[in-house]
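Read from first to last, the chains carry the letters A, B, C and D; within each, the first residue is number 1.
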Amino acid sequence: MYLTLLCLALLAGGCGKHETLVEIGDRTQELRIGNEGEPASLDPAVATGVPEHNVLVSLFESLVFADGKDLSPRPGAAESWEISPDGIVYTFHLRKNGRWSNGDPVTAQDFVESYHRVLMPSLGSQYSYMLYPLKNAEAFNLGKITNFNEVGVKALDDYTLQLTLHSQTPYLLSMMFQDSWDPVPVAVIKKHGAIDDRTNPWTRPENFVGNGPFVLKEWRINSHILVEKSPTYWDAKKVRLNKIYFDPTEDADTAERMFRSGQLHSDTQPPPSKVAFYRKNKPDLIKVYPYLGTYIYKLNVTRPPLNDKRVRKALAMAIDRNAITETILRAGQEPAYFLTPPDTAGYTCQTKIKEDASAARQLLAEAGYPDGKNFPTVEVLFNTLQTHKAIAEALQQMWKKNLNVNIVLHNEEWKVYLDSLRQTNYFIGRFAWIGDYVDPSTFLDLFTTGSGNNETGWSNAEYDRLCRVAANTGNRAARYDAFQKAEAILMDEMPIMPIYFYTQARLIRPDVHGWYPNVIDDYDFKSIYLVPEKN
Amino acid sequence: MLRFITRRFLETIPVLFIIATATFFMMRLTPGGPFDSEKQVSPEIRARMEAHYGLDKPLFQQYLLQMKHLLQGDLGPSFKYPGRSVNEIIADSFPVSLELGCEALVVALVFGLAAGMVASLKQNSAWDHIPMGLAMIGICVPTFVLGPLLISAFALHLDWFNAAGWYFPRDRVLPALTLGAYYAAYIARLCRGGFLEVLNQDYIRTARAKGAGGAQVLFKHALRGGILPVVSFLGPTVAGVLTGSFVVETIFGIPGLGRFFVTAAFNRDYFMVMGSVLFYACFVMACNLVADVVLVWLNPKMRFE
Amino acid sequence: MALLNVENLRTAFHTRNGVVRAVQDVSFQLERGETLGIVGESGSGKSVTCYSIMGLVPQPPGRIESGRALFGDVDLLACSHRQLNRIRGRRISMIFQDAMTSLNPFLRIGEQLIEPLLIHEKITRTAATDRALAMLDEAGISDAEHRLKMYPHEFSGGMRQRVMIAMALITKPDLLIADEPTTALDVTVQAQILELIRKMQKELGMAVILVSHDLGIVSGFCDRVMVMYAGRVMESAPTDDLFYDTKHPYTRGLRQSIPALQMKGTELHTIPGQPPDPHHPPPGCPFAPRCSHAVDYCAKEEIKLLDVAPKHGSACLRVQKENLLV
Amino acid sequence: MADSTPMTMVEPVETGGGASFWQDARHRLWKNKLAVFGLAVISVLAVLCFTAFLFPNITGYSYEQQDLVLGPAPPSHAHWLGTDPLGRDLLTRLLYGGGISLSVGLCATAVSLIIGVIYGAIAGFAGGKLDMLMMRFVDILYALPFVIFVILLMVFLGQNIFLLFVAIGAVSWLTMARIVRGQVMAIKRQEFVEAAHALGLRRGRIIFRHIVPNLLGPIIVYATLTMPEVILLESFLSFLGLGVQPPHSSWGVLIKEGAEVMEEYPWLLLYPGFVMALTLFSLNFLGDGLRDALDVRGSKD
């Protein structure tokens, strides 16, 4: 029956070999990329995720932009800047030829109003904390002060923007790669509704105005986003792509098939089994490179037996991280023996977890559970996803083998899982952290007392102090020394158990030129261009 | 008949009310909020965001407010997609699901009914066993297997279709087949059962005695009785098919409504859940009404009721 | 030439419990305008004989194993479906025992009535409807125009059978096969229906095969009677001969069990015993186990219908061999 | 029987009449080779699965025993059906998971049969207001968000395998009820039902002794179709956290996971799929056999 059906369908479809979208794109400089999901919002102040960021990078230009090769800050909307010797005052000189896509000049006042908007309490921007290095920004954002003039943002003239920080922030420029720092066309936003209305329709293609190299043309939910080269962009002649299609395919298998059939130039995060296949059989189509993220297990230190540091350490020492990265993940991930990914802005932690089953057993015995006897029921909580499950299953077996303890696995639907974490209602919880910017603080600040993402019940005064020290000094050596000490404490106290460091796996056709891998996987669309494959 | 339909319409009002109320309170009881994410936001900001959507008001007040909006036909904004209203999302994505659903239904009905009728006519012959065997396989092979298989064969190896997407007419073929095959299998089995029942009736013998040919017997005499089980089955099924399939839409990257039914719940997108549930409820009841009307129309004896 | 000539018809059913030989070696002839009665108990094969001729035996499980049924020069058992469908409903019509279930409950009476016309004649719906109206009128249904729009369940039993008859006769067939047309009806209605069939037969000059388990009904209606038992013809004769010169013990048993023919006061006769299990028919004469005249060879020798008098066939071995008077 | 090849809708001979009806039915069932084959396959599978459930090491491996060095390996002498990406023996996991899947399937089918048939028959037979109320209730259940329902179930009642049955049971009978109702409405005006009324039989008796047996065909067809559906539904519920928790397995979960890697490790989809198809075919044969055996109209074959 189905055979007949298929034959009919084929007659109807009957097209045979056709030029693929990718081949067409190569001719017309139209890039098609898989974007991992449907962007929730294209308002830089509201957007939070990777799919949003990828599109926003093409639509808006912050003061600086990330060089695709090495992530060094390149002049974006600002053509130059000065930093005061104490590292507190930044003065940016905007380009005179900076234009919004409606032709208006991009002015320093635009930046002031944009930052004002991000920090407005009534907007409820989730990533407003990215602007907290600015003096009084946090206080304003939390409603403690209401006069924005007190915040360290000032337009000295139309093309000079002065930012005043509340303390030294050496990584400030790399923070500016984040969307929260993008300027937005406040006048346009006001035209379409309230400035602090999250649902303001100004990001619709028909209303959209941006200052980036591309401008939004189409946005069909769950279908595609199309951006076109912006003629008003100051550096438009360097932009070689004419169009970029962002395909919102959430399903990794679907995206991989689209890549294989020539519908996408590039696709990130293919299914693990496919990564292994490509690496083995089609290495020219896949790039695997470090990604600024760590996969960890959080340990609830308020619950016995995990309130005992020895138990936590025993658990962390009794696993074979290499087996996990090599057999389960198989996409070049590195085993994580500490929290901050190696070489994050030149920082690599010197304290490592020692994997040693017998020492782990020893520790467990000292904690009162010789050979796992009387070890109470401990649950590993994770949200439902194939990889999380496989890792949990593998760890469970390792603990059983090495420590003779029975750990129960418990999967929950995503939001229920988040809720359990937030309420510290778990024993061991899976967690992953992708750095917001390239600096160790984005990882180490997580576990300070009162950090919203701590969620382990762990609190250590010395650790908090070291993190504060690092935050308040501009001296790189002193900062990194403080980080080393802090991370050593973390690895000794073990409220978290690092498992592996992320890699990004990207399927990418050789016809895509000018693209370089980097640890935050930022696109530099200005440098990307397409060259048809010769064959 | 008109009175019957009017009465059914009136009946839907309390039903929708109950569904809306139940959905509202179920959603609010469910752990996890719309603004939870792996990166925790500070409580202050969370409070701001909730206030933005009126989620800070007392629960009952929220309920009344939402009911008021619903009565005005306003399903509210989406939390997940700020800048889009639920009405708009449904209006955008439903036509896609509707189109795919209709195509899938055509596939399902044409092949399901044909296979079922042939099988019942030629009971216990190869004409029975082969289509029914295929139908059983069709039921065993879930859409999340069939879809990738079809893509693999016809898009990746033969290169006749795109692997995913919803742009060209030929993009409809594989999804419609995938979605339709499953229901075709169901319909084939139910149809065969229904027809076997009917073909054994005396009046079929009468029709044959009149000299009616196979087609005439089948379509004029047996069809009405034979498809009764199929019609009952189709009521809720059509509603499900036309409002979109999460799995098929995901596999084929189709911008339809089906995904929202599932993702809205996962995202705790309260208004989106409410909107999609009510939309679906209306659809279910409309389809069931149509199915009931068809049942009555097919069966004159029931017209007295 | 006879209108219908059935020769050596054998029909069997292959069921899960084995093969049932429902009709064995049945032969008969029917002239134009003649009325043949087929009589027998339930399971004697009389209906299957008719279904076989009409091609209505469900196959499988049924199978026509041999025989011919020549209608004109067409062998109904061997011709194509197409040919058969041109004859069924046009030249041979059939009415069934249960008019309720034999009428399609989903279709209006009118629709079903005109169907044979639409199938067999080039005729418009309006013309067909006119014919149907006339036919209903003839069949004794008043207010025909209104009735056409009704459904079977809105009719009484007798009315339904009238509709069936009207439907069968609307094409003016040469042969009407009536399979127990009155069995399901009240006695008064029975008579009316039989009267109707007789009237129509006269008008149209058609032949009729009347199947019944009631010898009484048949005797009053038919020119010839064929008595069947366990799939075989036991006796076949003109009605009068069959009654007054019975040549088979089974026929005699049947005759004696008609209440109306019994003298008042005498006990109603019944034939002792049960018909044989169709899956395991006894060897020899199937009636032998119940027959008061049976002798040893009755249970051994194969029986065959032979003429024992002019136009009078009997399958009783003793009648054939010893000229037994029964 | 040969005479009129009875084709009418026959009211079943007094089924309450004791052993003979059931004996006959059993006799007929035993004579149906396909049905016996189906019964045999299901029994063997069930026995195997429950044995594996009770004696987890019966295949020489346990369902959770990993071999990370081996990883996903195709079928071999050591692992008859191959291993999954964690190097676990597929045969063991298949048998172990069969216990839960068969229970879920049978249980849901039973629920769908019991609730669906009774509910649908009553609604269809009663008609009027009661029918209206009952069917609108079904509509409500159809429409409520299932994901949320399942999550709430877990939040308030904890994670419990019993709840899996509740959740599946809650949805599996709805369509059955609609189908039965439609059929009952269609045949409740038939003579034999009116006759039963005339005999003064109680309504319950009319419904379940006289009407329902005439619906066996569609009921059994739909019941056999319910099975694979709920086995796959179970994998979705496991996804939501209800149902089996890793490292336990079920057929639905195995198929779902196998589908994700079907291009690389086809055996991980093939064997679970095959076992499920086998179960469904067997059930179907058994169902057809049961229908014929319970069908007093008899001669259909």
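Everything that follows uses one rule, which is that a contact is a pair of C-beta atoms (placed from the backbone, for glycine too) under 8 Å apart; a residue touches a chain by one contact, two chains touch by 3 or more.
These numbers come from a predicted model, not from an experiment.
Asker: Measuring from CA centroids, which chain ends up nearest the centre of the complete protein set?
Answerer: The most central chain here turns out to be B.
Asker: Where centres are the averaged C-alpha coordinates, which chain has the largest centre distance to chain C?
Answerer: A
Asker: Report the inter-chain centroid distance for chain A and chain B in whole angstrom, where each centroid is the mean of the CA atoms.
Answerer: Centre-to-centre distance between chain A and chain B: 37 Å.
Asker: Provide the C-alpha centroid distance between chain B and chain D, rounded to the nearest whole angstrom.
Answerer: Distance between chain centres, rounded to whole Å: 22 Å.
Asker: Per the centroid of Cα atoms for each chain, what is the distance between chain A and chain D, given in Å?
Answerer: Result: the chain centres lie 46 Å from each other.
Asker: Hey, how far is the Cα centre of chain C from the one of chain D, in Å?
Answerer: Spacing between the chain centres: roughly 47 Å.
Asker: Which residues of chain C are in contact with two or more other chains?
Answerer: Chain C, residues with two or more chain partners: 60, 98, 101, 153.
Asker: For chain B, write out the residues touching at least two other chains, lowest number first.
Answerer: Chain B, residues with two or more chain partners: 30-31, 124, 148, 152, 201-202, 205, 225, 266, 299, 301.
Asker: Please list all residues of chain A that touch 2 or more other chains.
Answerer: 253, 413, 416, in rising order.
Asker: What does chain A use to touch chain B in their complex?
Answerer: The touching residues are 1-2, 5-6, 9-10, 12-18, 21, 38, 40-41, 43, 46, 48, 121-126, 128-129, 141-143, 198-201, 203-204, 220-223, 247-251, 253-254, 257-258, 260-261, 263, 413-416, 418-420, 422, 431-433, 452-453, 455.
Asker: Can you list the chain C residues touching chain B in their complex?
Answerer: Of all residues in chain C, those touching chain B are 54-56, 60, 81-82, 84-90, 93-94, 96, 98, 101-108, 115-116, 119-120, 151, 153, 164, 167-168.
Asker: Could you list, by residue number, the parts of chain B that touch chain A in their complex?
Answerer: Touching chain A: residues 30-33, 35-46, 48-49, 51-52, 77, 80-85, 89, 92-93, 107, 111, 114-115, 130-131, 134-135, 138, 148, 151-152, 154-156, 159-166, 170, 173-174, 177, 181, 184, 188, 249-256, 259, 266-268 of chain B.
Asker: Report the residues of chain D in contact with chain A in the complex, numbered from low to high.
Answerer: 64-66, 68-69, 71, 85-87, 147, 151, 154-155, 159, 238-241, 245-247, 257, 260-261, 263-265
Asker: Report the residues of chain B in contact with chain C in the complex, numbered from low to high.
Answerer: 124, 201-203, 205-214, 216, 220-221, 224-225, 298-301
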